[in-house]
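Got a structure for you, questions after.
Chains here go by letter, A, B, C, D, E, F and G, matching the order in which they are written, and residues are numbered from 1 within each.
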Amino acid sequence: MSYYLGSFLLIAIGLYTVIIKKNLIKIVIGLNFIASGVNLLIVSIGYVKNGTAPIFSKIGINPSAMVDPIPQALTLTAIVIDASELALAVAFVVLLYRHYGTLDIKKIRSLKW
Amino acid sequence: MSILDWIYLAIVSIGAVLAVVRMVKGPDVTNRVVGLDVFTTITVALFVFFAMIFDRYIYIDVALVYGLLAFIGVLVIARFIERGF
Amino acid sequence: MEKAGKLNRYIFTVVVLYVSWILLTATTHKDELIAGLIVSLLVAIGSFDYLSEHGLGHFSPKRVMYLIIYAPYYLWQILLANFDVAYRVLAPSMPIKPGIVKVKTGLKTDAGKLALANSITMTPGTLTMDVKDDTLLVHWIYVKDETVEGATKEIGTPFEKYLKEIFG
Amino acid sequence: MIRKIVYSIFLATIVLSLVMFFAAFPFGQNKMSVGEYYLNHGVAQTGASNIVTSVVVDYRGFDTLGEVSVLFGAAAGVAILFFVLGENRRKRREQVAPNFIVRVGSRIIFPFILLFGTYIFIHGHLTPGGGFQGGAIIASGFLLLYLAYPGTTVNRSRLSMVEGLAGITFIVLGLYGLLMPESSFLYNFLPKGELNALLSSGILPIIYIAIGFKVAAEFAGIIDDMMCEVICRGGEK
Amino acid sequence: MRLILGYFLLYFGAIFLFLGAFGLIRLPDLYTRMQASTKSTTLGAFASVLGVGILHPDWFVKCLVVALFILLTAPVGSSALMRAAYKTGVPLDERTTVDDAKEFFGEEEKGEAK
Amino acid sequence: MVNLANPILLIVIPLLFVFLIAFSSAFSKSAAKYLPIIAFGINVVVAMLLVPEVLKNGLVLSTTAGFKPPIAIDMIVDKLALFLVIIASVLGFVVSIYNVAYIDEEPEEKFYALFTLLITGIIWMIITGDLFNLFVAFEVTSIAAFGLVGFHRDKGSVEAGFKYLVMGAIGGSLLLVGIIMLYAATGTLNIIDVAQKSAELTFQQKFLAYALIFVGLGIEGALFPLNAWLPDAHPAAPSSVSSILSGIMTTAAIYAIIRITNIIFDYNQIYLFLMFFALLTLIFGEIAAYYQKDIKRMLAYSTIGQTGLFFFAFTIHSTNGLQGAFLQIINHSVSKSMLFLVVGAMIVQVGSRNIEDFVGLGRKMKVSSFFLAIGMFSLMGMPPFFGFWSKLKIIFAALQHSNALMIGSVVIILLMSVVEGAYFFKLLQMMFFGKAEQDREIKEASFGMLVPVVILGFILLFISFYPTPVLDFAHQAASDLMNKNYINLALKLGGL
Amino acid sequence: MNMSLELLLATPFIGGLLTYIGGKVHRWVRNLIAVLFSLATVGEMAMYYNTTFKGVVWGSLFGSNLVLQTNPITWLFLFIVTAISLLVIVFSIDDMKKEEDEIVLDSYYMQLLFVEGAMVGIVLAGDLITFFMFWEIMSWTSYFLIVHGGKKSMAAGYKYIIMSVIGAYAMFIAIAMLYAKTHSLVYSDVALALSQASPSFIIWTVVLLSVGFFVKAAVMPLHTWLPDAHSEAPSPVSPLLSGVLIKMGAYGLFIVFYGLLSVNLAKNIMPSVFSTPILLYIIQWLAALSIVLATFLAIMQEDAKRLLAYSSVSQIGYVVLGLATGTSLGVAGGLFHALNHAIFKGLLFLAVGAVIYRTGTRNMSELGGLVKKMPFTFTALLLGIIALAGVPPLNGFVSKWMIYEALIQKKEVFLLIMAFVGSTGAFLYVYRLIHSLFLGQLPEKYENVKDVPILMQIPIWILALSTIVYGIFPGLAMDVIVKGMKLFGFTPIAYNLFGFPEGTAMGSLTVINIAAVLMTAFVAVFIIFILFPKTRQVSQYDNYASGQELTPDFKYNYSFGFYMSFGRVIKPILSMSIERVYNYWIDAFKIFGDYYMRRIYTGNLETYNSYIVIVVTIAAAAVLLGGKLW
């Protein structure tokens, strides 16, 4: 449960950041918090008590003592996707800073209504 | 895990906690990064230790990757601290 | 000392990488050895220019010998350094007298200067902050001599005699 | 302030409801259904000792294709956003890194990083590594190089070629499976080999190598763009 | 014997890992903290990893690789960081006696301007 | 011989071309322009080859890696998916032609690669049979869209792109949490397998997972109030991209909601919950559109309104309602894409997005304006255009349940149609009957940009005057979904 | 037979397309095609005139079966539609020459023919979907015609299309409700279904359908679009709108109340007042209010076309009033008045159009004395206003008379009085019209004005003659009307060619007799007028106002504010303008959009993100509350 709670808190902190924080960088970090929380959640889902990594690096490893491989695979995919989004987000932030000369999201509202 | 392993884990963990304390306390970015640097180094050692405990050779690769990324991370951060964007 | 030829440096790089590969895989399985060779040959294409200036010259017996002597000395210094740190951290009086000093070096190659800088960093009470030309900037936790000459003598010279041989 | 409190309450509600949901599926409990199948049949069916790899590249290889595409998209997006005309791009050559230690250290470490990255993606089917990790490590080598030599330029069209070719390899390998009697995309048509040997698990390592190249090229491209944005344009403003 | 040596190295490493972190808390300014942490944690990790290598001889080579890697990279990172700290004006402890860096970097700035 | 009627090709072929574009850009600048046309040309052919198969078997299922679902990821094309895939492929083909003449900004090859990737992602979202794969497809689509929205790199594009990215990323994460909750409950990710294994969960348990999936997809699907990115992003993007975003991307996300709701969360309460969102989306979209001065922004808000309409039709939860929804989807996809293309061509000529500057354009750009008018009429639901039939079916389906809720909804829909008429007629009247104050040098759109418009226009006119096959097909697709034939057929073919 | 109805429906549409293409060849080709195709439509109409046909189902070209039907009533309306359209097209040829842009003209003729086709479709429709489809097509095609008239017409057209759409959607709901009940929208099926439906259902559907028709028929309070649209539309379009298009609303009402819902059924399910079902009674009152208020408004107008437009509102009031009586006589009167109004209002608009064509203005205070310059137009207009005022022997008289008679028989005194007031008022404004345009002083700048070209005269003449023909021979129309009404279950009324024979419901009414009496009186008055001394002719510069010499600017203004004093009296009534209510709602909508909607799409990313969280929170709260949020 505690692992779940950790991931929920990460997600919640991330969401809090994207709602409350005004700095573009902080918002991007908030996104990352959410993503990390989700990844932690995925991995925790797959954990099986006393399970080991699902790798048959030696003969005779018992598959029933292994953790679920699917969440690990999913996390791997999710991490790359998060990294991609992060890279793009940072690129946007840099450009926004160039255009607006500020990192304050409140001042970046030329588009509205 | 023998009692020796547990003691080892305890000592190193306290070290990790202290590093985190510096990370949180700061007072500036550089101090935090130093805390982070110490923390990652400890983590690398721990990875290798866990590889032994769990008898998974492959965790050492993980340690290596982690160490490498931490190293590059420190350089990048140092650069950005120094020159800004 | 001028740079070695391209092929020279390439072969040097391949050798270094191949040894590293074997260390990494820690096996002598046939497939791994072949794969390692291929990988080393390929990776060296993209990176030989960065690794070294001397190329195979690094393998001269004298250099290897000094390296073999230097390694334990270096480790010993590290050990000393740590006891020093332990002392300063744990001693209630906290015996520190920090300062930033300049140290001159006679080393010519980049690799040599780097090795010196790293050695200084890892050894008692000193940490190299930067290197420029023949000057190293060093943070000293207990300054014994504020002059450049004095500092050089205290900090740099012990390592330099080995490093001069290894990196020339 | 009220805003903060209100949203904290909202988020607490969300967390609480999540906790309630997961109370039915406690931590550490075995929730596997398909996962169990993979653990029991993965080695026989795919020949990869790392079941995660067999999931990533084989059973759920199609996800991986998507993931590669996402990364490709991000790299292209960054390239669009940081597009600088040739003239500006050349400005960068004049830059030198002022920090000697970083410069020389990075230079020496760089080849080893490349080697290590390659090691990681070649052993993807045997270890926790894989194409992404390996590719990312190689790209981090490039990052290091940029830190050392801000003037470094990568040949962008060569990078495009590598990422394109790697992607094409992935897909063509997959399409080849359609020619097999099973007629299935990504069907593993090569022999599975001996467990834990380098040459095993059919097309998996090939795909991982392709992914490694692709990821490396894409991350390197992203890094190149970001560096260019920082350095080339930095002078302008 | 192998066991003793292994655990010795392991504990030796652990103690220095701890000390490095402790120095981080105890020492007065960033520069002295870095002095402590760089040396101690590097040695700590180095010894610790080698210890594992000795306890698990199959892995010795791999552990050596990790240990050498740490030894090679740690000083580079530290110097970069300390330089950055100085350049951004992280304060030195008041006990600091000499500061040649001002002059050192000052020249550099001039050099760059050229 | 390879069987070309394989759904996987619908994704893999364009993806291959995405990488080919990257590869070719190393040698030739111009190849990138034409590769998307070939890619989607092939896709149209594959989709057409699938038509007889789907009609014969009800659906076509294609597995990957040689394993049957749920062991491996599968692609499922049923009637409805085929429907959308055809739209997406045709739009991809047509808009790619448009791009050749339209795009003249560097870096072109990146644009073409992302553009192709965008449509690939959309098709992927439509046909995937696996929940996590849906997330991946969602991200493929999003990431391509983020980059394309920022393509112009000007102030507005970057702002819009960033806002879209942040909201999209949050959405993606929430979607993933929802999917993972289902995985935690069932241990599987195949949509149909999840449906079977989650049967014993309570509604309350399922609902949170549903809500997260709904919110995630709803952000992309432009549902109020999750759609705030849309009116910024659609105008900021190049018009050809707006055409795809409005024409099929939001639809694909809505379709994903429809399918997941229908297969896994088939509860009356959920339809009620959705209806609430659908109506709000409709109301806010249409009213906001009325006030816009920027023509693309107006069309973007109109997309929100239209989305609300067809989503409402889905929440009626009857065969007729679904039929109406599908018809409206077609109508909106074809018409709105065409409108964005026309408007793009006009903006090129006028040099402004302000509606006021479009005055008198009806006389200067006759062909473009003609098709603009047709598209708008169809969107308004004016007979004899296709939109009339879709609106008719939706209203009829809604009033089949003669309760106060439905009658009230119908009144809202029709009031919003009035608002829609109000802003479309305002524009049309200005274009056709207004006179510009000074004479401007405005020419008809270039041939390359006109051809795609005319193709879409003729498709619209054709289905307007001969809608029977489309109506029938939509009806079959709707009844398949309502009867859950989809599930049974997939179980039979997939061997779950 | 089947084919011919389809052809009748298709001819105008095909003609419209061909006109457009023809315009690319030469404008004369275009004009010729337009005339020929509208002529062909009239021909086809004439060929099958007065035949009954039911349930012609036409393929599935448009997605659903197109159900067509005919009966004598449809032929009556088809006659109005096709004939007036033809005349309008002929009139347009010269009138629209002033438009320089040939492309605009190409689409103008196309739209004229499309409107005609749409109206043919409405009348021929045999089920509600077909009806609705053509109804909508009529709305937007006619909208395009209206906005051809220049800058002001755009606002008018906009108002028109928006109100049309609102009306159409009200209708749409009713149609959908019926569909849900019966799954068939063929009139007979709907009628059958309604006969078994609950009263509330019937009332709802009928009311909603009526709203749609009221908008089109411009029954108060849904008339506000008409004065603008009819006056701002191009001259030839106004007769089509006023003469024909608004009759589609009347036709719709007829279909709903007597085709779908029988009078007996209506009486059974709702209370009756004056033996009229309450719904119809309310409609009667609305119609009567339209008659009176629109008449007052017409009196107050300064713009000739606007005056005629308000007159149309009042005249269509008679049609609806008649239709809503529910008695044979009243309904027949209403239908007949629909025909008559089409003729004389068409005539008036064309005549005024002719004046505008020559003078370029429709402001009555700028005109005058044209009788010498345009004697032919004057004569036609004179005939038109006589018909409108309901003076025998012209056609307006008989139909109004029938409606009065029906009201008298039902003893609905108030309504009768209102109808009379409307007629009296009509005298005032028609006098105003002819006086301001043709009598009095001729402004100098119109010295050289001539009568209009022959192509414009022909339609005017045809209509003028029709006012006489239908005035003297009402039996020509009654033939169709009575025959048709029989099919809808009305007891037939006796009639002959000249009127109504003695001993019938009408009492005795022969137009010739009445006309003879009136003629005698008229001759007497004329003789007196000749014999007695005349007022002195004064030069137009020879007048003063309050001791000041008038400048040329003001010199013709004696007809400005003609009924000003009367206006002051009725002003309080007019100030309750329904338009204010509409404006209030429009303002409310604008405030809503401008003020509240802006607060949603704020441009602030944090706000947008918080929306996401709020939605998730709602769902989470719902879960925590046990899913009982709804």
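In the analysis below, contacts are C-beta pairs under 8 Å (C-beta built on N, C-alpha and C of every residue); 3 or more make two chains touch, one makes a residue touch a chain.
This is a predicted model, so every value here is computed, not measured.
K.L.:
Counting C-beta pairs in contact, which comes out ahead: D-G or D-F?
P.N.:
Looking at D-F and D-G side by side, D-F shows more C-beta contacts.
K.L.:
Give the label of the chain whose average Cα location is farthest from that of chain E.
P.N.:
If we average the C-alpha coordinates per chain, G ends up farthest from chain E.
K.L.:
As a test of understanding: of all chains, whose mean C-alpha position lies farthest from that of chain F?
P.N.:
Taking each chain's C-alpha mean as its centre, the farthest from chain F is C.
K.L.:
Going by CA means, which chain is nearest the middle of everything shown?
P.N.:
Taking the mean of C-alpha atoms per chain, the most central one is F.
K.L.:
Calculate how many whole Å lie between the centre of chain D and the centre of chain E, each centre taken as the average of the chain's C-alpha atoms.
P.N.:
30
K.L.:
Take the average of all CA coordinates in chain C, do the same for chain E, and state the distance between these two points in whole angstrom.
P.N.:
Going by mean C-alpha positions, chain C sits 14 Å from chain E.
K.L.:
In whole angstrom, what separates the CA-based centres of chain A and chain G?
P.N.:
Each chain reduced to its C-alpha mean, chain A and chain G end up 67 Å apart.
K.L.:
Rounded to a whole Å, what is the gap between the Cα centroids of chain B and chain F?
P.N.:
47
K.L.:
Of all residues in chain D, which are in touch with two or more distinct other chains?
P.N.:
In chain D, the residues touching two or more other chains are 7, 11, 14, 17-18, 21-22, 25, 31-32, 34-35, 38, 60, 63, 66-67, 70, 73-74, 77-78, 81, 99, 101-102, 105-106, 116, 123, 126-128, 230.
K.L.:
Would you please write down the residue numbers of chain G that are in contact with two or more other chains?
P.N.:
Residues 597, 601, 603, 605, 609-610, 613-614, 616, 619-620, 623 of chain G touch two or more partner chains.
K.L.:
Going by the contact rule already set, what residues in chain F reach two or more other chains?
P.N.:
Expected reply: 132, 136, 139, 143, 146-147, 150, 153, 158, 161-163, 166, 170, 177, 183-184, 187, 189, 208, 231-232, 288, 291.
K.L.:
If I apply the definition of touch given earlier, which pairs of chains qualify?
P.N.:
Pairwise, the chains that meet the contact rule are A-B, A-D, A-F, A-G, B-D, B-E, C-D, C-E, D-E, D-F, D-G, F-G.
K.L.:
Which residues of chain F touch chain D in their complex?
P.N.:
Against chain D, the touching part of chain F is residues 2-3, 6, 8, 12, 15-16, 18-27, 62-67, 70-73, 106-107, 109-111, 113-114, 117, 120-121, 124, 130, 132-133, 136-137, 139-140, 143-144, 146-147, 150-151, 153, 158, 161, 177, 181, 183-190, 193, 197, 205, 208-209.
K.L.:
Quick one: in the complex, what on chain F touches chain G?
P.N.:
By the definition above, chain F touches chain G via 162-163, 166-167, 170-171, 174, 203-204, 207-208, 210-212, 214-215, 218-219, 225-226, 228-229, 231-232, 269, 272-273, 284, 287-288, 290-291, 363, 366, 377, 382-384, 388-389, 392, 395-396, 398-400, 402, 407, 410-411, 414-415, 417-418, 421-422, 425-426, 429-430, 432-435, 465-468, 471.
K.L.:
Along chain G, where are the residues that touch chain A in the complex?
P.N.:
Against chain A, the touching part of chain G is residues 597-598, 601-606, 609-610, 613.
K.L.:
Going by the contact rule at the top, pick out the chain D residues touching chain C in the complex.
P.N.:
Those in contact with chain C are residues 99-101, 103-105, 107-108, 110-112, 114-116, 118-119, 122-123, 145, 197-199.
K.L.:
Give every residue of chain D touching chain G within the complex, in rising order.
P.N.:
7, 10-11, 13-14, 16-18, 20-21
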